[in-house]
Amino acid sequence: MNYHETKIRVQYFETDCMGVVHHSNYIRYFEMGRTEMMRDLGFPYSAMENTGVKMPIILTECRYLFPATYDELLTIRTTIKEPISARIRFEYEIYNESGKQICTGAVELAFINAETQRPCRPPETLLKVVSSGTF
Amino acid sequence: MNYHETKIRVQYFETDCMGVVHHSNYIRYFEMGRTEMMRDLGFPYSAMENTGVKMPIILTECRYLFPATYDELLTIRTTIKEPISARIRFEYEIYNESGKQICTGAVELAFINAETQRPCRPPETLLKVVSSGTF
Amino acid sequence: MNYHETKIRVQYFETDCMGVVHHSNYIRYFEMGRTEMMRDLGFPYSAMENTGVKMPIILTECRYLFPATYDELLTIRTTIKEPISARIRFEYEIYNESGKQICTGAVELAFINAETQRPCRPPETLLKVVSSGTF
Amino acid sequence: MNYHETKIRVQYFETDCMGVVHHSNYIRYFEMGRTEMMRDLGFPYSAMENTGVKMPIILTECRYLFPATYDELLTIRTTIKEPISARIRFEYEIYNESGKQICTGAVELAFINAETQRPCRPPETLLKVVSSGTF
């Protein structure tokens, strides 16, 4: 199974008064993960929007296994396991500095024609880079 | 089925350059929903923490049905359908001003003894207010 | 001196691991303050954008006097002391539940014609509601 | 004049429905700038907290010169111009990818003994690394 990894540093403003990263920020980490994955595949999300296709989020899910704390360097592992159809599903695992898995999650996005605001096929370029992707 | 409702106003800083509320903020709206529900039940989360019990998040999930935009007044409907055990599951629906449902979701929290950092039983007060709750 | 007051509840996700509200959120509280002030004056910011005028931020400043903690009900006091010219300056004080002032600050915004992207005069309606405003 | 530079990528969730980075996020970028500066000086903020000294924010200010947009790679330039006393003042400039300055700002922090909650002298280590700092 291919996967992409990116590292992010936990910021002070992402922690809460329980002393750990607030759970809502994992959803943002997921976004950072797929953004860097798409960039490394040669098809950054900004290029996607230039093709006239928007990708609204249709589902997020996250299971929290272990807390993350201030200044930790986390590894976000992003992968695509299912074929891309009218939607694309990114799957996630996040690991802390000592290699412990802290969460698992998934995000699904649809493809929308920015002009008509209606569902559309995924751009061919996306299908190509993902299928050929050694990420 | 009992449920609790609270209203929140979409803030400018919660929107993104797609012109709609960023999907990560729904997870924060859910937190606002259960916070106000617990307060209205007479057992605010701050009182919970005073009993020495912390409630870390163990799961979040959200299906996005329709976008929300700046300055909309949203209704967060929060309910508890399953019995409270070692975890509590809050279920959510959010509606926009015209009554259209924009998402469905759920959040699960565990009960942790703040001193031992180990799982513990939910406070009796919580069980009482939830079971008797006409929220 | 006229001023407008609005109340906001400190959210869990706004606190940080020092146990208090993260300082960046005060800038967001200021936005909530002027949004509600404009709404109460009968000229909500969403109506402003409909006139074709955007109001980008040109300056923010905040002095932090005392920390705010989770679940506190804060009072944001917003006022306009200086005449509106090519820019509008909102001045702020925030108070906690016990009436203690926790910060002072200011935000300045310009007026930009959304079409030409160039500075423009403030909408007449804005000048009227602010000058006549008993807020 | 010595200064430190760090690069940050604008995230989707940091933009707003005006299509640019929300102004509150610059305050967070400033925090990221001084965090990386302190780390590169060999005295990360997490080490600071281990010495029993907390550094609450006492002032932030920012002048916004030019908007930043999604996915831009920004350069945060952080420097200390004034001697460190009971407070430390970090000064900032942020530049976009084409080298255009998009803002100027400053953040001041105090030194507080975490145990007594009273103002204290800055740690000697901090004074040394900053004065000798070729950052």
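Letters A, B, C and D name the chains as they come in the text, with residue numbers starting at 1 for each one.
Simple rule for what comes next: a residue touches a chain if its C-beta (ideal position, glycine included) is under 8 Å from a C-beta of that chain, and two chains touch if they have at least 3 such contacts.
Just so it is clear, the model here is predicted, and its values are computed rather than measured.
Student: Could you pull out the chain whose C-alpha mean position is farthest off from that of chain D?
Tutor: B
Student: Considering B-D alongside C-D, which chain pair is linked by more C-beta pairs in contact?
Tutor: C-D
Student: Counting in whole Å, what is the centre-to-centre distance of chain A and chain D, each centre being its mean C-alpha position?
Tutor: 27
Student: If you average the CA atoms of chain C and of chain D, how far apart do the two points sit, in angstrom?
Tutor: 24
Student: What whole-Å value do you get for the distance between chain B and chain D if each is reduced to the mean of its CA atoms?
Tutor: The computed centroid separation for chain B versus chain D comes out at 34 Å.
Student: If I count partner chains per residue in chain B, which residues reach a count of at least 2?
Tutor: In chain B, 12-13, 18, 20, 24, 28, 31, 70 touch at least two other chains.
Student: Quick one: in the complex, what on chain D touches chain B?
Tutor: Residues of chain D touching chain B: 12-13, 15-20, 22, 24, 69-70.
Student: Show which residues of chain C lie in contact with chain B when the two form their complex.
Tutor: 9, 11-13, 28, 31-32, 35, 44-46, 70-71
Student: For chain C, which residues are in contact with chain D within the complex?
Tutor: By the definition above, chain C touches chain D via 18, 20, 23-25, 27-28, 31, 54, 56-64, 67.
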